[in-house]
Structure formats: C-alpha cells, structure tokens
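Next come two complexes, and both contain subunit A; in the first it sits with subunit B, in the second with subunit C.
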Partner chain A sequence: MREQRRKDAVWRFLTYTFVLTATVVMLVPLYWMVVAASLPQELFIEFPPRLYPGTSFFENFTALQERANFVRSIGNSVFIAVVYTVISILLCSMAGFAFAKYEFRFKEPIFYVILATLVLPIQLLVIPLFLMMSQIGWTDTFRAIILPWLANPIGIFLMRQNMQSIPDALLESARMDGATEFQLFYRIALPAMRSSVAALAIILFLFQWDLFLYPLVILEDAANYTIPVALAGLEGTQRVYYDQIMVATSLAIIPLAILFLFLQKQFVSGILAGSLKE
Partner chain B sequence: MPHNTNSMYGRRRVLGGLITAGTFAAAGCIGTDDPDGNGGNGNGDGNGNGGNGDGNGNGGNGDGNGGTEMAGSIEGWGWDVAARSLQLTAEAYEEEHDASVTVEEFGRSAMKDDLQTRLASGSGAPDVAMLEMVDGHSYIDTESLADLSGHIEDADVYDDFVPGVWEALSTEDAIYALPWDIGPTAVYYRRDVYDEHGLDVDSIETWDDVLEEGQKLPDDVYMLNLPPGDLAGVWRYQFRQLGNNPFTDDGAVNIHDEDSVTIARTMKELYDADIASMLEGWSSAWFGAYESGEIASLPSAAWMEGTLRAELPDTAGDWGVYKIPAFESGGPRASNWGGSSLMIPAQIEEPERNRGWDYIQWSLATEEMQMLMFDEFGLFPALETTYDNEAFDEELDFFGGQAARRLFADVAQEIPDYRFSVDTPEVSDAINTEFERMLRDDIDPEEAVMAAAETVADRTDRELA
Partner chain C sequence: MSGITLTDLTKVYDSGAESVVAVEDLSLSIEDGEFLVLVGPSGCGKSTTLRCIAGLEDVTEGSIQFGEQTVTDYSASERDIAMVFQNYALYPHMTVRQNIGFGLKLSTSLPSAEIDQKVDAVAGMLGITELLDDKPKELSGGQQQRVALGRAIVREPSAFLMDEPLSNLDAKLRAEMRTELQELQANLGVTTIYVTHDQTEAMAMGDRIAVMNGGVLQQVGPPEDLYRHPVNEFVADFIGSPSINLLDATVQSGTLSGPGGFTYTLDDSGSIEGYERVRVGVRPEDITLVDDGENTAIVNVVEPMGNENFCYMELGDVEITARVLPSHRPAAGDAVPFSFPEEAVYLFDPDTGEALKTKTDEATDVAISA
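Right after this comes the complex of A and B.
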C-alpha cells in the first residue's frame, strides 16, 4: 500500500517535471517574442540578449502601422478565417453526414477520391487556381481565397468518422416522427457532433489562418493582405526590422489564443472522439 | 497564352490609362516635351488594352505597328530599398514623361514566390521587376523573360556598364535584364583595433599577409569571421576573384579544380591559426562582435556600408576598407558579392514593354538616376560611366576620412565574369556542407572540394570536369 503510494508519487513527480519542462520549452520563444517586441532595435541585436521587457512596444507598433497597416491585416485574416470556417463546417458536416448515413452509387470511390486529394500539396494547386481566378476576374478578392478550400477533405473525413457513431435507430425513429432529411441532419446529427465541430473549427480556422503562398499570389492591394502575407512583406534584404516583426507576430497570435481558449475543452474531446469503436 | 490577360488587369490598366489621360487632358494636352513624342499614348494604350482585357487576343497588335507605341501606365515590383529606389526614379520619370509608374514594395522571398507563380502561369506579372543577378539564369531558363537585346542595342548602353555583370543576365544570343547595382568586394576593417595591436594595413596584399598580421592580435580578438552558414558565399566571391566558374562551357562541374583547393586550403589555414571566429552571419552575436571590435575585419561588399551605418552607428569613423587579399603576390584582388537588375516578363504586351524599357533605361542607364539611388540608398551603380562623378572621391567620415567609394569603383571595373545557374543553390549547399566538415578536421581541403563536386555532379546529373 505504502509502496504503491510512493511509486505513484515518483511517477507524478516525473510526469510533472516532464510536463513542466515541455511547457517552459514552449513558452520561452513566446516570452522572447513579447520581450523583443518591446525593445528598441539597438537592444534587440544586443548580445547576450536582454530577457526582460523594454518600453518601446508602442513605438514599434506605430512604426509597424506606418509601414504596413497591420491592424487591417489582422481584421482581414479574422474575417476570412471566420467566414471560411463557418461555411466550411456546414459543408463538411453535410458531406460527412451523407457519407456516413446514406447509401448511394459510387459512394466509396467518391469518398476515396476526396481523401486522395489530401496528397496534393497547396504549391501544386496555386498556379491553376491563380489562372482560374484571374480568368473569372476574382484576383485580389477575399472570395477567391475562401472558395477553393471550402470542401475540405480533412473536414469531410473527420465528420464522416464521427457521424458514423450516430445510431441508425435514432435517425429512423425521427423519420417515423415525420422529420425531413435536412431536419435529421440539422436537429439530430449536428447537435450530437458539438465537440467534433469545435475541433474541426480549430483545424479549419488554423488552415486558413496559416495559408501563405496562395493569398500572396491572389492578393494585390496591400489593404487586402492577410497576416502571413503582411508579415512576409516586412522582411527586407539587408535591414530586417525584427522589432516590428515581433510586434506583428505578438499581435497575430491573440485571435488564435482567444479561439483556442473558447474551444479548448471541446477540441481535446473532439480529437479523441471516434478513436473508440464499439 | 500570354495575351489572355485577365480582365481585372485589363480593367486596371484601362483605369490607369484613363487617369493618365485625364491628368493629361487637364494639363491642356499641349507643350509635351516628351522626347519620345508619346504625348497621345496615354489615351491610345488605355483603350487598346481595354479591348485586350476583354478577350480580344489581337488587341495588342490591333493598334498597328507596336514598335514604338508606349503604354500610359506600368507597374514595377521590388523589395526593400530597391523598391524605394524605384519609387524615387518613378517620381522623376513621371515628371518628365506623360506616364505613370506604380511601384509595389514586397518582402524579398514573398516577391519571388509571387512573381514566379505569375511568370509560370503566364498572366498577371508586373511590367517591370527586380531580378537578383544570382537568380538570373534560373529565371532565364524558364523562358519567361523578354529579350531586351534589341532595346539595349538601340539605346547603345551596353558599354556603359561594368563588363563583369552581363554574363549573369544573358545567354549567347539574348540579354534579359539591364544591370542595376553591384557589390564590388573589399575588406572592411576596424582601424582602431588594427592600430591598437600594431597591424599594418599597407602590408596586407595576400592571404599570407593576413595570416601574419593576424598573429599580432591577442587571443580574444579575431582577425576575421568565417560564417558557418555561408562558407559558400565566401568561396563564391573568391572563386570568382580567381576568374573561375562553377561550371565549364559545356556544363561540367568545375568546383574541384586547383583554384578551389587553394581557396579551401587558405580558409583552413586561417581557421587553424585561430585567427578566424565562426559566428553565424547577421546574428546578434555577429553584430555584437563587430561593434565591440572582437572581430577586426569583415570581407564583404559595397552594400555593407549601409548596414554598418544603420546597425552599428557607434562605430562610425572607426572603419576602413582595403581590397580583398590575393592568393599570391600580384594576383587579382577584385570580385563581386550580390547585385541586381531590372527585367520585363515575356508575357508583357508591346506597349507596356516599350514603356517599361523606357523607364528601365531612364532609371538604370542615366548617371543622374543611378547617382540618386546611390546617394539615397547606397545601391552601388553598375553603370560604369558614373564612376567619374566626384561623389566617389568624397572622403567619408564613416571610414575615417578614406575615399572608400573610389576603391569600390576601382574594384568594380575589374570584376571577372561569373555565370550563375539554376544549380547555384546545389553548389552552395555542397560547398557549405563539405567546408564545414573540413574546418572541423574531418577531411582535408582536397577531399572537401572533391566531395562537393561529386555531390553537385550527382544531384544535378552533370559530368565532372
């Protein structure tokens, strides 16, 4: 008994040490980013580096704003990512529902074709997509950035896997009660999928948030730039304004942090969902 | 198909054309002193391109002999100070010509990604864009750049530029860009540190002299730095200094010849003599070491002056420059590091191409504009005719009263040809890897260059020379 408790304590100690170390390793770069954002350029290149914050955050921020209206870029990114996430969740879960709960011809082949598109790297798609968008006159628009990725194979896959756990009997009895097919999806399937939807929301949001090459090519007016595109614009050849870049990256993670805080609980359970098979 | 420009673009050009035309109309439509006699073109081109954008494939030629016709507005792309330099010349250009030049500023790699996509897709590229000399042949090989040799011949400007720059921008029968700035090499050194320890700059002619003088420094002060991430950069400027090329005329790998061994051996000697530090270039530690004088000399190029001024303002007045050391007494002491040019994509229509060339010629082939960019942003002119300018003889306080720019101008005229290729990155990769192994004592210099050559031959499917 006592032996067991001691063993547990040792285990716990090791676990906490490990987790703590990992946390520190993860947080130090973030901490340095915030510190660096608050240092004037001369102190930034100082060696050994300074580890406590300075007072130039707002000066750096003002300089950044003057060079590349970064607040606007954050707004653009949030707008694009939110619109994309909402529409894409709807489409992916509808498709996932269909693949999980309906029988139709060529269901399996279609599903595998969709899955197969996962192996196409974005770099490969950029040139054809750019040509397509420029031919229909959509360059430099947000819709050109949102549309091509709406039917997201990862999303469809994730939703199909999770939708399969909805008992057929449940849907059948709802049908008997006179529910339409859309009501089955909207009233029964979707609410049961809350945690998966939350997980998917984060995945989709991050996907769109991190897109770089494609928006870089599509967007022309600096006022339309998303965060990654604007960030890339801050890099020069000789003189790189690291202070401004650090301010920009510090600001850029705020929306993500908020999103994750909100969806944290569901995210973890959503990722685990579907891993258990009855 | 190049003429299938999308309608957005067409529309934008029409707008640009209309705006230009509008301003022009407001100005009264008279008294144009445009030497090219292009007064009316703001109108004509705007409309011509409108037709084009709507899918009329022949629009460009529809206006008849496109030979001299010029668009009313063009767009140019560049990054960093280069973009800001273009803005300067664009303003001056607009004052003298009835055309508008819009300059877009990008981040460096962002622009390369964007530009390459647009070049590859055959639409949406800017009318004029900056091209680094090191990238010259990678772009030329994609056949997406316009041949400018006709324009260059008509304007008769070929001989106005330093001879060593053309190789990177041309093939046997075409020239794809006009040289802009270059990076004549020199060793920057801290006068105060040299003086303090009794080093004699005037006695340095060869690397052997550097070794000898370097011994006078105490243990905690280094003669120079060998950046571990960019040993290939060091190798390249020295290989070029010796008049060599990484590939022979018929494409065989040639990075393992006697010259390359000499370079490797010299590098190794410097390192083994404990007078070379190994700090990552441009890192905080690296800047710090030059600020404190812990490293006394910095082999680099003309553009480094701007960086030092901006990053290490406290060291102003302590710097001097001398030509890069030769490998043997009497050997060549000139090379180049960096540099760029302006090009026009092949997909650009005739009127825009003509306007683009006119603007390029104005910006790069006139002494006035080159000197303006040199003064404002430190872009060292590739235009040789500028070197007579007295600005080069100015004794600069930053260099303790030395006329450093004269030295760079002297070096510039002796830069040997060098051919970059699509496989330049492979060469850099291999040299970096093997030279690092060499400095760590794993292999000797002969083995290092041989291993690098074999790697490159293997990866690029070429023969060894």
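Right after this comes the complex of A and C.
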C-alpha cells in the first residue's frame, strides 16, 4: 500500500514537472511576442533582452496600420476562415454520414481515393489551381481561396469515423417517426455529433487560417491579403520591422484564442470520442 | 387499428458469393388488437421478420398487408406503425419531451401546443411527467424504457412492434414492465408484435405465440397449446422452463427402452406403430419421485426454489430434471426411483422431430410453467 502510494506520488511529481516545463517552453515565446510588440525597435535588439512590456505598443500598431492595414487583413482572414469552416463542416459531415451509414456501389474505393488525396502537398496543387482560377477569372477573390479545400479529406475521415458510432437503431427509429433521409442527417446525426463537429471546426479553421502559399499566389490587391500573406509582406527587402511583426502576430492569435475558448470543452471530448467506453 | 397478414414472406441476405436465408416462406396472420409474441433462439429470423414488417428491411419475396392494404413496398414512415427498440434508441440530444414529440412533429401538421398536450397525456399515463425536461442520459434503464414506449404510444399507430424491449432491464424490473406492457396493450387495444428469445416472457405475455427456428415458422398458437401440444421436438424443447426431458428410446412391442436401463411400457402404443426408435419427452413437473419404481436415476444437484425443488438427475448419459415438492430433497449421489403417467408422455419421430403423441391428460392441476 505504502510502497504503491509513494510510487504514485513520484509519478505525479514527474508528470507535473514535465507538463509544467512543456507549458513554460510554449508560453515563453508567446510572452516574448507580446513584450516585444510593446518595445520600440531599438530596445527589441537589446542584449540581455528586456523581459517586461514597454509602452510603445500603440506607436508600433499605428506604424503597422499605415504600412499594411493589418486590421483589414485580420478581417479578411476571419471572414474567409469562418465561411470556409461553416460550409466545409456541412460538406464533410454529409460525406462522413454517407460513408458511415449508407451502402452504395464503390463506397470503399471512393473513400480510399479521398483519403489518398491527403498525400498531395499543397505546393503541388498551387500552380494547377492558379491556372484554373485564372481561367475562370477568379484570381484575387476570396471564393478562389475557399472553394478548392471545401471537401477536406481529414474532415471527411474524422466525421466518417465518428458517425459510425451512431447506433443504426437511432436512425431507424427516426425513419419510423417519419424523418426524411436529410432530416436524419441534420436533426439526428449532426446534433449527436456536436463534439466532433467542434473538433472539426477548429481543425478546419486552423487549416484555412494558416494557409499561406496558395493565397499568396491567388491574391493580388493588398487590401485582400490574409494574415499570413500580410505578415510575409512585413519582411521588407531592406529592413525587417520586428516590432510591427510582433504587433501583427499578437493581434493575429486573438481570434484563434477566442475560437478555442468557445469550443475547448467540445474539442477535447471530440478528440477523445470513441476512445473511451462510456 | 388493423390486423397484419404476412404471406409467404421470404428474406434472403445476399452478400455476393454467399446468400443467407433469414426468413423462409413465413405466412402468419395477426388479428386486430392481438398481442402476438415471436419467439425463438438467436438467429432464428424473428427480428428480421419484425424489421420486414416495420419496413426497415426489403422483402425478398411475399407480401405484407395491414388490414386490406398491401404495404410491402411502403417505406417505414408510410406504414403508420411504431417500434420500440432493444436499446430504446432515444435521441441523445433531445429532452424526453422532444423525444416523445419528435414523431408527431415530423409526421403530422399538429400545432406544437397540441403536440405538447399529447406528450403530457402520454407522460402522465406512463408516470414520467417529472422527467419531461431531462435528457436520456440522465434516466435509468427503466425510465428510458418508458420514454421509448411513450414515443411509440403518442403517435397512436395502427400497430406496435417491439424488439426485445425488456432485455436490458434487470430481472425484477423486467417482470414489472411485463405486466405493465400487457395492461397498456390491453387498454390501447393496438395490434402488437413482440419479439423475444425468452420463452418465459413469451408464455406470460402473448395472446398467441409464434415459434420460429432457422427462419421457418414452427407453430403458432395460444401459450398453453404450444406447451401441451407442440408440433415437434423443437417447440416442445423451447417452450417450458426448466425444459422438457428428452431421451432416445427403442420400441419393442409397446415398451420403450432407453439409457441407464430406462424402460416404460405404454398401454396405448398406437401412435408409434411401425417405429423402432422414438424420442421420449416428459415435462419436469410430471416426474414424481417415488419409493419404489421401475426406473432409477442418480441425483446430481438439487436446486431449492423455496416453493419447489429442481432435482437434476442422471439417467445413463442423459440429464433429466424433476420439479418436486420442497419436502423432497434427496442428497447428491442418491439413487432415486421415479415415475410419470402415460398421459404426460410426449413422443417424437427421431428423424424429423415431428410430434407423434403429446399430452393427453385433461388440463392438469400442475401449474403451467411460466
């Protein structure tokens, strides 16, 4: 008993130490980012570095706005990511539902072909997609950024796996209650999958939020730039505006933090869904 | 309300190279307001039959009629029937009220105030009014069961289909719900088909019982009929608990000889004329332990039930069971003589299992196993 308790205590100590270290390692750059955003450029390169915030945040921010209208880029990114996430969730969960709960010809092969597209890197798709978009006159539009990634293979895979856990009897019961096939999906399956949908929302949102190369190729007008593209523009050829970059990145994580706070509870249970017997 | 008629119903599952016949040529007619129990061992096709009636499975051949209307090609929602599933299948994200009202909301144009009224009435009937705002996961098994019933009742369907609805409950609750279900069905007068693998449940609940085996209907009839006059060995063996004692015997001029030196002389051997071998069946309650008798068995175990004892004995290589008075409690290893009346003897064809003779006594004073 005693031996066991001591063992447990040691393990707990080691686990907490590890988790704490990991947390510090992850938080330090974030903290430094915020501190640096509030320092004038000359203090930024000081050594040893200053570890407490300065007072130049708003000056840096004004300079950033004058140079790049970064607030607009945040707006663009939020708009694109939200529209993309909503439509993609709908498509991915419908596809996942079909793969999980219906029988049709070539179901397995089609599913594996969709999965196989995961191995194609975005870099490979950028040129053909750009050619396609310019042919239909969509360059420099948001829809060109949103459309190609709507049917997301990871999303389809995730939703298929989770939809499989919906008992058939639940759907049959709804069928006997008079539900149409589409009602089965949006009144029974989708609400029952709330936590998976939350997890998927974060994955999809982050995917679109981080997309860099493709928007860089498609978008021309600086007013349309998304955050990653605008950030890249801050690295001038003559000089790198670290202070402004730090302000920009500090601002850029705010929408993500809000999203995660809202969906955190569902996200965690969605990631764990199916791994634990209830 | 309407009766249900199945004509030559056949269901084949075809999975490429292999095809499995789940239900074969099933013809059955269920009267308006009747409580019919479909019973049989696992995989006998009873659930498949129910699902065909529900419209959840396509029928390979044959037809299904509700009253005068042929519904074979109708979808589940067009059939106006309600089903209670084994695991209740409650919608996890909806409250009890929404669960019960869901069918009305989808399949009727009733205003929501009226739906609420109906839900309240049904909840009152089932005693779950105070649970209406709870989610299914907050309910106990018995409460979930009631909600599932409520969902079926509220739609006032022309028939109820129930697929082992009590099998997830503990024994005591199951017995309670059994009675409650019967009362409910009697009050509502709705045609009900009830699937179970539990013959006790079947005996206790059904107006009539349909016994299935290997996708084939064996016999349909009132519980007592099946118990006393089974058409074959399978039905005799399946109905009754503890089950009937069965042994192989050879026939020689009206005398049966079996394992462990078993002999029994029939006064009337007309039913087995021409047979050299038969299967002999005797119900446990028909066996009495006597002081002196032709046949003797060795006691294995005695299970006291309080009001009676089950005495498991060995007769050669066959185990037989006697249901005896609580005062009879032989020790393990004892050799006990036993006897039974000829009226209580069942005889079956050894090859086809067909019944040659069933009980001929007038309704005995022995309580029928239920």
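Remarks
Just so we're on the same page, the second predicted complex is superposed on the first by the 269 of 278 C-alpha atoms of A that agree within 3 Å, B and C clash if a C-alpha of one lies under 4 Å from a C-alpha of the other, contacts with A are read in each partner's own complex, and residues count from 1 in each chain.
As a convention for this text, contacts are C-beta pairs under 8 Å (C-beta built on N, C-alpha and C of every residue); 3 or more make two chains touch, one makes a residue touch a chain.
Worth saying up front: this structure is predicted, and the values here are computed from it rather than measured.
Between subunit B and subunit C, more residues of subunit A are touched by B.
When the two complexes are overlaid on their common chain A, residue A:Pro49 makes contact with subunit B while staying clear of subunit C.
Contacts of A:Glu235 after superposition on the shared chain: subunit B is touched, whereas subunit C is not.
When both complexes are overlaid on chain A, the residue A:Pro29 reaches neither subunit B nor subunit C.
Shared-chain residue A:Leu131: touches subunit B; no touch with subunit C.
Residue contacts after overlaying the shared chain place A:Pro109 against neither subunit B nor subunit C.
By the touch criterion defined above, A:Val217 reaches subunit B but does not reach subunit C. Common to the subunit B and subunit C interfaces on subunit A is no residue. Taken together, the subunit B residues at the contact with subunit A in this complex read 4, 6-9, 11, 79-82, 104-110, 113-114, 117-118, 120-124, 283-285, 287-288, 303, 306-307, 310-311. Listed in rising order, the residues of subunit A touching subunit B in the complex are 44-47, 49, 126-127, 130-131, 134-135, 137-140, 213, 216-217, 220, 229, 231-239. Put simply, subunit A touches subunit C in their complex at residues 167, 169-170, 172-179, 183, 188, 191-192, 194.
Every residue of subunit C that touches subunit A in the complex is listed here, in rising order: 54-56, 75-77, 81-83, 85-87, 89, 91-94, 102-103, 106-107, 151, 155.
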